[in-house]
Amino acid sequence: MKQLNFAGVFPYLVSPVDSRGAVKEKVLTNLVRHLIDSGVHGLTPLGSTGEFAYLTAGQRSTVVRVVIEAAAGRVPVVAGVCHASTAVACRQAVEYEKLGANGILAILDTYFPLGPDQIYSYFSAIAGSVRLPVVVYNNPTFSKFDLGVDLIERLADVPNIRYLKDASGKTGKLLTIANRLGDRIKLFSASASVPLFVMMLGGVGWMAGPACIIPRQSVCLYELAVEKRWDEALKLQKASWEVNRVFQKYGLAACIKAGLALQGFPVGDPLPPQTPLDEAGLLEVKQVLASLE
Amino acid sequence: MKQLNFAGVFPYLVSPVDSRGAVKEKVLTNLVRHLIDSGVHGLTPLGSTGEFAYLTAGQRSTVVRVVIEAAAGRVPVVAGVCHASTAVACRQAVEYEKLGANGILAILDTYFPLGPDQIYSYFSAIAGSVRLPVVVYNNPTFSKFDLGVDLIERLADVPNIRYLKDASGKTGKLLTIANRLGDRIKLFSASASVPLFVMMLGGVGWMAGPACIIPRQSVCLYELAVEKRWDEALKLQKASWEVNRVFQKYGLAACIKAGLALQGFPVGDPLPPQTPLDEAGLLEVKQVLASLE
Amino acid sequence: MKQLNFAGVFPYLVSPVDSRGAVKEKVLTNLVRHLIDSGVHGLTPLGSTGEFAYLTAGQRSTVVRVVIEAAAGRVPVVAGVCHASTAVACRQAVEYEKLGANGILAILDTYFPLGPDQIYSYFSAIAGSVRLPVVVYNNPTFSKFDLGVDLIERLADVPNIRYLKDASGKTGKLLTIANRLGDRIKLFSASASVPLFVMMLGGVGWMAGPACIIPRQSVCLYELAVEKRWDEALKLQKASWEVNRVFQKYGLAACIKAGLALQGFPVGDPLPPQTPLDEAGLLEVKQVLASLE
Amino acid sequence: MKQLNFAGVFPYLVSPVDSRGAVKEKVLTNLVRHLIDSGVHGLTPLGSTGEFAYLTAGQRSTVVRVVIEAAAGRVPVVAGVCHASTAVACRQAVEYEKLGANGILAILDTYFPLGPDQIYSYFSAIAGSVRLPVVVYNNPTFSKFDLGVDLIERLADVPNIRYLKDASGKTGKLLTIANRLGDRIKLFSASASVPLFVMMLGGVGWMAGPACIIPRQSVCLYELAVEKRWDEALKLQKASWEVNRVFQKYGLAACIKAGLALQGFPVGDPLPPQTPLDEAGLLEVKQVLASLE
């Protein structure tokens, strides 16, 4: 695999952890193989769906290692790094590069508020610590900052910062970025921004949790978009959006983990203090999955 | 004009007011005629671009009356009502109906926080006070609430609440509404939600300030969308989006009023304490307008 | 009454309006006399408890006129002005000065976001339009801005801006202001900031809704504070705080209006779409009032 | 030391870490001895000032161990635990208990939003994992939740949850809690809530960063409060508040670390991507410290 350009559907993998804290390696391996067999174009362990914030450093490393081994070079693996400390995040990135990751998804979880220069220093330091392509992650819903377009432009000038994943759900912002930066940074959609529309704006794909439970439909949607078959794509986008609606209602990790369990992957519950889906949520996940078969 | 169904491009009209507080009736009349001549499908006085919050009750009435007279039945006029008090908002609606408005855009500006039942009572009371079709306006950026989908569904059951204008900028939310409510409520886009995409989701048009300064381009975009010529539409959407980007940077009323002045409509400055565009802003408005010719 | 310096307990008066929109002048007159007889040091019609945002311009004028007439010069009347438009707010201030108000409480209700210079221009224009002392009102909970200390310092340099009423509930911020500005601006507490503590920091009193229903207790607390009898004051502050707790739970206007009705002042319900207290709220108001007898 | 009841001034210790990531044990030891010699009543490693979010698990353990060894039983050590995962936080608590901590400060750093039951489960699980007294920490400024009074009451019923440290800066909220819960939970103030006032409300002391750089003044303020010498206490509170003002302006860890460096404790800079004080900030810290000598 000589792939340097990431494009397509990259599921945000869940992190299956048993009650004693051990990563369920076999389950994760099976899931990875299943997703690749279903046609996904890459894999992203330790994204938000991967509950990275709930894992120890050791659990994170294990998850990344297992995913890389199971992927076996068939698709690129873009591993998530996240910490409040620049130094710790860089060490994660270096470690995951050594483990064989093909790219880094750089996430910032600050405690004290940061200014643009400080945010820039975090992301550029991670990029500087590895030779891999870096995806910068912006998620104003769950973090304490929202990358502005000026700052994104500065980050785009860092040589190996080549992608932006924006989870703001504000499709218009991605249009502003596409108009201003063109090919200087490539856009990955989140679920919340309606992936089809981000594709229409020149996006290269999406990184999101729902692709774990509807991988074939996601790949099909991607291919319709690439072929500019907009009317068919729109129909599929509208149907598959229901997965997004359900997880916004019941919680991301809870829904994706429940859906995978229904599909024969015993990935376990979301990590406490998160709680598993209640019956109503479980029923709704079932119904949505059935409607998409 | 027997039009009962609103569809297409409805510019949010500015409110030209001179330094002594008089509505500049002639300027407003000229603007209305120009926009109709440019092909817009309707007109909305007293939307956000209309600076309703900065006007007295008398100024608001004058604006609505002048627009209705100038429109002369050529296109429907959907007048904005807004108050914290249900009773006052209903009186505005009744008055504008008597003046000849063809629809009501219902806006809620609360001071104390409200629960869903209270918000429902406000909008349904306005609808109950007139026989006109009502457009419910949701703008979480500038108000203290964000209409949830459950509440929108309740409002959709009020017979003459037939449209929703959502300015959240969250295109995905509109997809959720479209999937759940279908034809039970029709969607108007705001600028911020990328009008083309709302059209793709089944929306019927958009109500927004930028259509004041790029009416022909807006109508063209609408027609391309209706004809499902998505690729051409997308190109025009991306180009015309720059108007949206500029007003998000410099302020809505300031940009639209400055643009209209450049086009020969001396509508004056935004109402204090708002301030007119500075030179950088004026230059950027000029450039964007030139690029769209 | 030659009073130029405001100090002490200024109840934020409710606005009694009947179902047809008429101000209940007799009820308001009786309430004003009762409060003065109970020892309050001033009166503030059209503060937040006065539901100014829910009133028409005419209703506001009537409320101010009735309060001034009923006060009959026995205590100063500081009338609230509020609008998004500088010009309209100034006209309100000029009108209330002509009606005989002794001071102006300046409130800003913006729709579009404002920068510090624009906020400054609003408050200083109001001050410049009258010869009365002006109280600047800061309430970040219900408005779209929070006056910073730098801006407060600029405002303190306007000759007749002599007071600040801060409702942020952040007592520490008032300590910062007191340390930095000393006597350059005098502080009125809100309920939320614990009036006794603001007095300890050099504050001159408080303007708040609860003083409508516990006027004697409020005056007693003020006097204990002036006499630096801190331990007794603290005991009374802790007891009377329960009124604050209840209205934070059930809504300000609803609680104060319900409490006044219980005390024989039929001021009516909060203005729709606000709703009156439910039974649980009414019971809690009764209990708190009984506990403070 | 048989102390079971925590009371008084507990500095939130900084975490001195060198550029290679090693905890500067000697500097930390010297600081601990200095603070105890200055009269502080306890020590809290890994509070917000301790930059816990920026440290690895190993660095955190080292900090706690060094503080406990340096304190040598002269004052109680209440160690901060914090994670998004309940299981990881419990393991931290168990480890710090084994290291000899005398209490646990329980902090919750969630990524996904949590409901009250989930928040309760986190704090009660930590309490259940140790035999030490637990201080629950609420800091709505830096976290994604704000503990309501109902939830605080539930937590107060957990046997070894005996203290609440609330950093909301809303003194009034602490009065509500004091009125409702009385002795069922003891209150520690943060800097932001004006420690003297929390003492007046029945608080038992404060946990805060500034006590690192003004330990004697803090202890003096505490003693004046205990002796109910309110006027003298108020004077000292107003003067020492300036430390709070400065760190709110320039950042907490940056100010406290800079102040300690000025006092002869080379604790280093705040951890990147945080940045050290600029010259203006450094000058202001110097001035404030000089004014408090």
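Letters are used for the chains, namely A, B, C and D, taken in the order the chains are written, and counting of residues starts over at 1 for each.
Quick note on the criterion: a residue touches a chain if its C-beta (ideal position, glycine included) is under 8 Å from a C-beta of that chain, and two chains touch if they have at least 3 such contacts.
Just so you know, these numbers come straight off a predicted model, no measurement behind them.
Looking at chain A and chain B, not one chain touches each of them.
Looking across C-D, B-C or A-D, the interface that copies A-B in more than half of its residue contact pairs is found at C-D.
If each chain is reduced to the centroid of its CA atoms, chain C and chain D end up 36 Å from each other.
Chain B and chain D, compared by their mean Cα positions, are separated by 51 Å. Among the residues of chain A, none is in touch with two or more other chains.
Chain pairs recorded as touching, per the definition above, are A-B, A-D, B-C, C-D. The part of chain C that touches chain B in the complex is made up of residues 21, 48, 51-57, 83-88, 109-112, 114, 117-119, 121-122, 125, 142, 144, 251-253, 271-275. Per the touch definition, chain C reaches chain D in the complex via residues 169-173, 175-176, 178-179, 191-194, 197, 200-201, 228, 230-231, 234, 237-238, 241-242, 244-245.
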